[in-house]
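One structure is given below, encoded as structure tokens.
The first chain written gets the first letter, and so on, giving A, B, C and D; residue counts start at 1 in each chain.
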Amino acid sequence: MSDPILTVEGLKAYYRVGQFGKNLDIRAVDDVTMQIERGEIYGIAGESSSGKTSLIKVLAAAIRPPLQVIDGSVRYDFGGRIIDPTKASKAELAEIRWKHLSYIMQGSMSVLNPVRRIEQTFRDFAQRPLGLSGAAFRARVEEHLDHLKLPTSVLRSYPHELSGGMRQRVTIGLATVCRPEFMIADEPTTALDVVVQKEVLSLLRTVQQEMGASIIFVTHDMSVHANMTDRIGIVYAGRLVEEGPTRTLFTQPKHPYTAHLVASLPMIGDTRPRPALEGRPPSLADPPKGCRFHPRCPMATEICSREVPPLESVGDRHRSACWHADEVRPLVEPAFDKAAGGVRA
Amino acid sequence: MKGFTAWGLAFGVATLTTAATAQDEATAPPITEFPRNETLIIQNPEPPATNPPNFNLWVAGNGAALSNGNQQLVADTLWFIDPDAGLDGAIYNQLADEGWQYNDDFTEMTASLREGIYWSDGEEFTAEDVVYTVETQMATPGMTWSAAFNENVESVEAVDDYTVRFTLKEPNSRFHALFSVRWNGAWIMPEHIFSEVDDVTAFQFNPPVGLGPYTLHSFDPNGSWYAWQKREDWDRTAMAQWGEPGPEYIIYRSIPNIDNRLIEMSNGNLDLIHDLTPEGTFSIIEDRDSVRGWFEGFPYAHPDPTLPMIIFNTQNAPFDDRRVRWALALMLDARAMSMASYRGAATLSAISVPPTGTHPDDYHMPMQDWLIDYELDLGNGETIQPYDPNIGMQIADMVRPQFGDEVPTDEAAIQRAFGYGWWRQDIDAATTLLEQAGFTKDGNTWMTPEGEPFEFTINTFSEGVINRLGTIIAQQWSQQGIEVTPLADPQIFGTTLPLGDFDVATAWSVETWGGDPDLSFFLDSWHSDFVVEPGERQPSRNWQRWENEELDRIIEEIRVTEFTDPRNLELGQEFVRLMVEEMPVIPVMSYNVFSVYDTAYWEGWPTAEENPYANIVNNWANSKYIFTQLTPTGAE
Amino acid sequence: MRGYFLFAAKRFLQLAVVVFAGTSAAFLVAHFSPISPVETIIGRVSGQSSFSPTAVESLRATLTELFGYDQPLWQQYLNFWGRFIQGDLGPSLIAFPTPAMELVMRALPWTVGLLTVAIVISWILGNLLGGLAGYFQDNRILKSIGVVAIGIQPIPYYIIAFLLVILFGYVWPVMPISGGFAMSVRPAWSVDFVLSVLWHSLLPAFSLVVAGIGTWFFGMRALVSNIVTEDYVTYADLAGVDRRTVVGGYVMRNALVPQLTALAMALGGIFSGTIITEQVFNYPGLGSLLIRAVNGGDSGLVLAVSCVAVIAVASAIFIIDLLHPLLDPRVRVG
Amino acid sequence: MLTTFRDLFRYNIEFRIGIVLVAIVTVFAGLSWFSPYPPEMIYVVVPDQPPSAEYWFGTNSRGQDLFWNLTFAFRNTLGFGLLVALLSRIISITVGMTAGYLGGWTDRALMFVNDIFVALPIFPILILFYFVLRNDLDMVTLAIIMACLGWPFDARLIRSVALGLRHREFTRQAIFAGMNPARIMFQEHLPFVMPIVFSTAMANMIWSIGFEVTLGVLGFTNLNIPTIGTTLYWANNHSALVVGTWWWIIIPVVLIVIAFLGLFLLAVSMNEHIDPRSRLRRMGTGV
């Protein structure tokens, strides 16, 4: 843990909704602490509305009402330039955006302005951070696309003229053209079919390795995590419940929720019935006391409903927030082989 | 900023488009100022001309404006008969230098023309122009006076340059009426212009060449204003005998919106308004000190020699029944009609002659006693005396709380202003008459002799005082158990009345000279010879389609009585008595026009009290005499 | 390009059908008018003097033949189209025998000019303000503009126009309240004339703008407040794209597409407003002509104005439709 | 639908204001049944009286008590608006849902017709009808004509909603269950379409009443029937604003603005309910 590019400490970000005199807090991010290393792909996993989107909104400095940062700090270190997106001025943020910090968004269908040619979008996004004039800029973009093995003809296209996969690759090109040190990828492949998904992921991985950038990679798809990430943080009901190297988490989960997530991965040839997780994720407006997972947890005991378990080290770079971390066992036979690189479907 | 640039750009482009398309009328110099102290501005009651560059007023219905100054300032003819007192009597010799001359049996009329009169292009006016005017229209159907000339004229000849002789087909003591202007008349055509034209009906006559003291200066290609300039040789026109016209420029503007007329006059942009609502008149006279109407005080308006009335289509049952017509008349409350239509500013008339000009002296006053004593036979042995001579007084009392000193108190003045009297509302007598006619009452509903509910529609104007009159009449009849619906009918004179496509209407079929007791102007057309079958087009003006032997006798006698013969007045009074007896129309009041003028820039206007020398209702061609009397006040 | 031609061809077909249906409907409705044009003309021609019955009869026969009223309805309808295609809609009755079309064409530029100015201004201004109000939802000035617009929107147009006349013609008489240009200038390609036309169109145009701007303001505000939640806007914001670019190139630009469609759909309605404008401001144009035609019982002219209105509105919509692909690249292919 | 109204009433201030405003004019119109004067009678009271304790809204130059006269005017005008809205709803629902549900050729044909109607300039056509019918153009006839011209906008909106419903799961189930299209449309889909029907109905009322006022002001309706349009016509005919009987114009205008504002707010709040995105946003800005 020598040189983290991002350090998050005790971050609390709530949706504060005031209507008809009542104040309602939706605790989307509740006391999250984490660090991300340079050159690392850090996965964030969790069900929908677990708060993972809110977390990355804060990290991407896209905090808009009613989302508010209540407590804690976020600290980027871009080669000695320290910035906290929750406190920085607009001008400061504008300085780092795209140059140091870029973003790949969910939903390739709708992230590109439908009435602008791709080239224009590149200009809007990247010309200022790159500080290049027209021709030089154009050359740089074409070179970059070439590098990504994308045809430069896409520059003259409108988004609707491109296929979904091409659009997402263009988005990756867009996010990487400035060679940022940090990227946030929010469900970048969710809407794509499997074959395209694989191509896009490998493209992303290639670019990342070349640039040595860090990525926060958010998806609910554990198989993608298995393929992409170095480390994973599991988010449940607004809290980070377990964090560790990808392989460790898949083979030796130390949180019952993680164990369930891993077990939910379908595997070829495996016809055993899967132990289903009962119940629904809790309301973030009124989360359960104690461990937020306890109403659904098969291992819950009395303490779980009373006290919040701390996120404590349970191994090498491996932390878990469970009163019974020692007792957690994988629910299925670990069958993780990252080297094989295959996506199980 | 982007928005503003685009705004400006769009504005510019659109304007240029407009300008470019309007450009085809481009002729005159780009800018003319009309100095206020040399310019008289008049409202023309016509809507903006449909066919603005057309000045050919010998072709009817061609969309040319008429009262835009063309017929007041440019056109001229032999005689004028004024609806009011006139500058020196009501009859003017205009292009003729003396009165009309008939032979003994009224088969020839000779007119002696004024010498030294010139057209505005410098050509001299001669008998040839008159002959051309008559012969051209006789030879070209569809011109305004084609039919009239064809019916009357056997031949016309220029005896010499200044004498014209007409040979008539039949004896007619009123042939001169065609060349005597009341509102308009048969205008003389410039022979030297029209004889050069292939198709006189399609000829636009732009610019017009006239005999009046003004010529066309410029006009709006959209037809909403016409500016006229005084001729340098104004003294070579027939108007010169009354002196030099005051204004260098006269502008006629069409302002359809009444509120805009008021605003323009308040802002000093209008000297004479042709017509307003009663309310508008009260308001502007109160607001602007220099503005007044024909009467200084209440009722302000000028009574035109036109008689708004209830017209029955006497070819339709049950309006062919004199008892029904009288019953309907007795159901009406004259006070309510006056208040509802004119806010009390009506001049009522129970008889078929408008209470205007010289008529009150000739008819209303002398016949007052006869009317008071008149007995109506109800048919069941009872008689009533329906005439109420005090109604004018009662209305004066009704409006006094609002207008105070503006309302006259002297009885004679009240009779002049509010009328000499009208029929007393008498529901009992009306009931008796209707029952005599076979009607029955079922609850509060009158049933016809056929057992149907008695209901009908009353066609009325689509706006203004006559509309209000129709509405209140319908309401009064409805209150008595006859379901009457008022119908606002813009085509009332165009098709409804001529085609007889109505049961009852509020309009008029009586129009007189105003300044002369002679009634032939309208009465001749009431002869039964002209009455057509139902559904066919009735020629003007017997819209009631009423036939009566006694009426025919009166008309025939007038035809062979000289215009100035006192016998005419006796015949007129006989006609009045016949109309009261038969009630084919219910006369209501004179057509009071709320003309107002502003004395801020011009003075010398006619007034009802001291100097009623001309009609201020300015679409009348007769209003031209006013311009010779005006002098600038010096205000700018 | 082929896609565009196909698109344009389809639109043109639609234009043709609209014109056909609209004018046919107008013809049929006008045909059932109880006011006979023949009798109207006879009334006008004979109104000023007495006409002998025989003269009336011969005039009636001539006119009946001229209008083809002795023929069956379908024949009249075919004749109508025959003449219509040549731009002839028969004589007007209130300016007999001037062709109705000539009167219409004289009035048309004024209406088109006034409407174009008013529509362009209110559309641009309304969309600009509405767009800003939708984007900067907490801006006080824009919020109060919204409140004012809500208050003005429901006032009947006639009242707005009339209040302007009272205000600027009476209370504070600084503006001309009637006519298309001043009496002191003549129609020509001169600065004076153009300025005079502008000056006289200001108040009528302003009344149309005041009345029309609310629709665009509210429409745009609603659209923008939805578009700002679109991914591409969020994404551009995240990328630190320049604010003005986001507002202009991302938010407004995308909202313009439906607003342009809305403009096309609103044209027919806007045309109605101008009739009252011309009445109140005594402004030349189709509206005044239509009113005069109705009051004059001129069925020929009413029909001509209706047909030209149908054509003008449909053509304007057609032109806007042709612009559509320029604003929205997605339409180009389809 | 009812719960929609309840929710709206509870949580949406615009909806509440709208309801109150519309209620005010409705009650006002309802008072016409208690009027001491028949509406068409003129010269029943002293004319030109300003508002006072005796005449709340003053009297007009035709000698009518403006308060009672306006109750009739509002009854007729609102009734007219409702009738147009009702009739045009029938057409727009039928066309919109048929096009949306059946899709394909039917959809294209219907939308083609729809676009023709959109492109027609309504006002000259209405004037043409007046020109032909004159006094026979009573409120019901006018309402029918307006309804025939006033449906296409809304049919398009309804179609777009119906188009979305076609792909929903329950539609497929209904088809498998053998329901016929008409039943699916009117039993299964109609409830989803109702909010937009309601919202467009409000907008349609504003539209049709606006036309009524315009026609009336020009005198192109039956002038014997008191409506807002004819009220303004008569006021104009008596130069009301210029001669100082301002209440004859101002009061009906204020009332019609209240009515329009009410309808407008109802339509807007209903729209918001339909489009949850703007609702979320509203929650956000409510902080």
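Operating definition for what follows: contacts are C-beta pairs under 8 Å (C-beta built on N, C-alpha and C of every residue); 3 or more make two chains touch, one makes a residue touch a chain.
Chain-to-protein mapping (UniProt): A = Peptide/nickel transport system ATP-binding protein; B = Peptide/nickel transport system substrate-binding protein; C, D = Peptide/nickel transport system permease protein.
Note that the structure is a prediction, hence the values are computed from the model and not measured.
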item	value
Which of A-C and C-D has more C-beta pairs touching across its chains	C-D
Of all other chains, the one whose Cα centre sits farthest from chain B	A
Between chain C and chain A, distance of the C-alpha-averaged centres to the nearest whole Å	55
Averaged-CA centre spacing for the pair chain D and chain C, given as whole angstrom	23
Distance between the centres, which are taken as Cα means, of chain D and chain B, whole angstrom	45
Rounded Å distance, chain A centre to chain B centre (Cα mean)	91
Numbers and ranges of chain D residues touching at least 2 other chains	134, 241-242, 285
Numbers and ranges of chain A residues touching at least 2 other chains	none
Where chain C touches two or more other chains at once, by residue number	35, 162, 166, 170, 279, 294
Residue ranges of chain D in contact with chain C within the complex	112, 115-116, 118-125, 127-132, 134, 153, 206, 210-211, 213-214, 217-218, 220, 228, 232, 241-242, 249, 253, 256-257, 259-261, 264, 268, 271, 275, 277-278, 281, 285
Of all residues in chain C, those that touch chain A in their complex	230-232, 234-242, 245, 249-250, 253-254, 257, 327-330, 333
Chain B-facing residues of chain C, complex	35-36, 39-53, 55-56, 58-60, 92-98, 103, 106-107, 109-110, 112-114, 116-117, 120-121, 124-125, 128, 162, 165-166, 169-170, 173, 177-181, 183-190, 192-194, 197-198, 201, 279-280, 282, 284, 288-289, 292, 294-297
Residue numbers on chain D that touch chain B, as the complex places them	40-43, 47-48, 61-63, 134-135, 219, 223-224, 236-245
For the chain C and chain D complex, residues of the former touching the latter	14, 17-18, 21-22, 25-26, 29-30, 32-35, 137-138, 150-151, 153-159, 162, 166, 170, 218, 222, 225-226, 229, 265, 267-269, 271-272, 275-276, 279, 290-291, 294, 299, 302-303, 305-306, 309-310, 312-314, 317
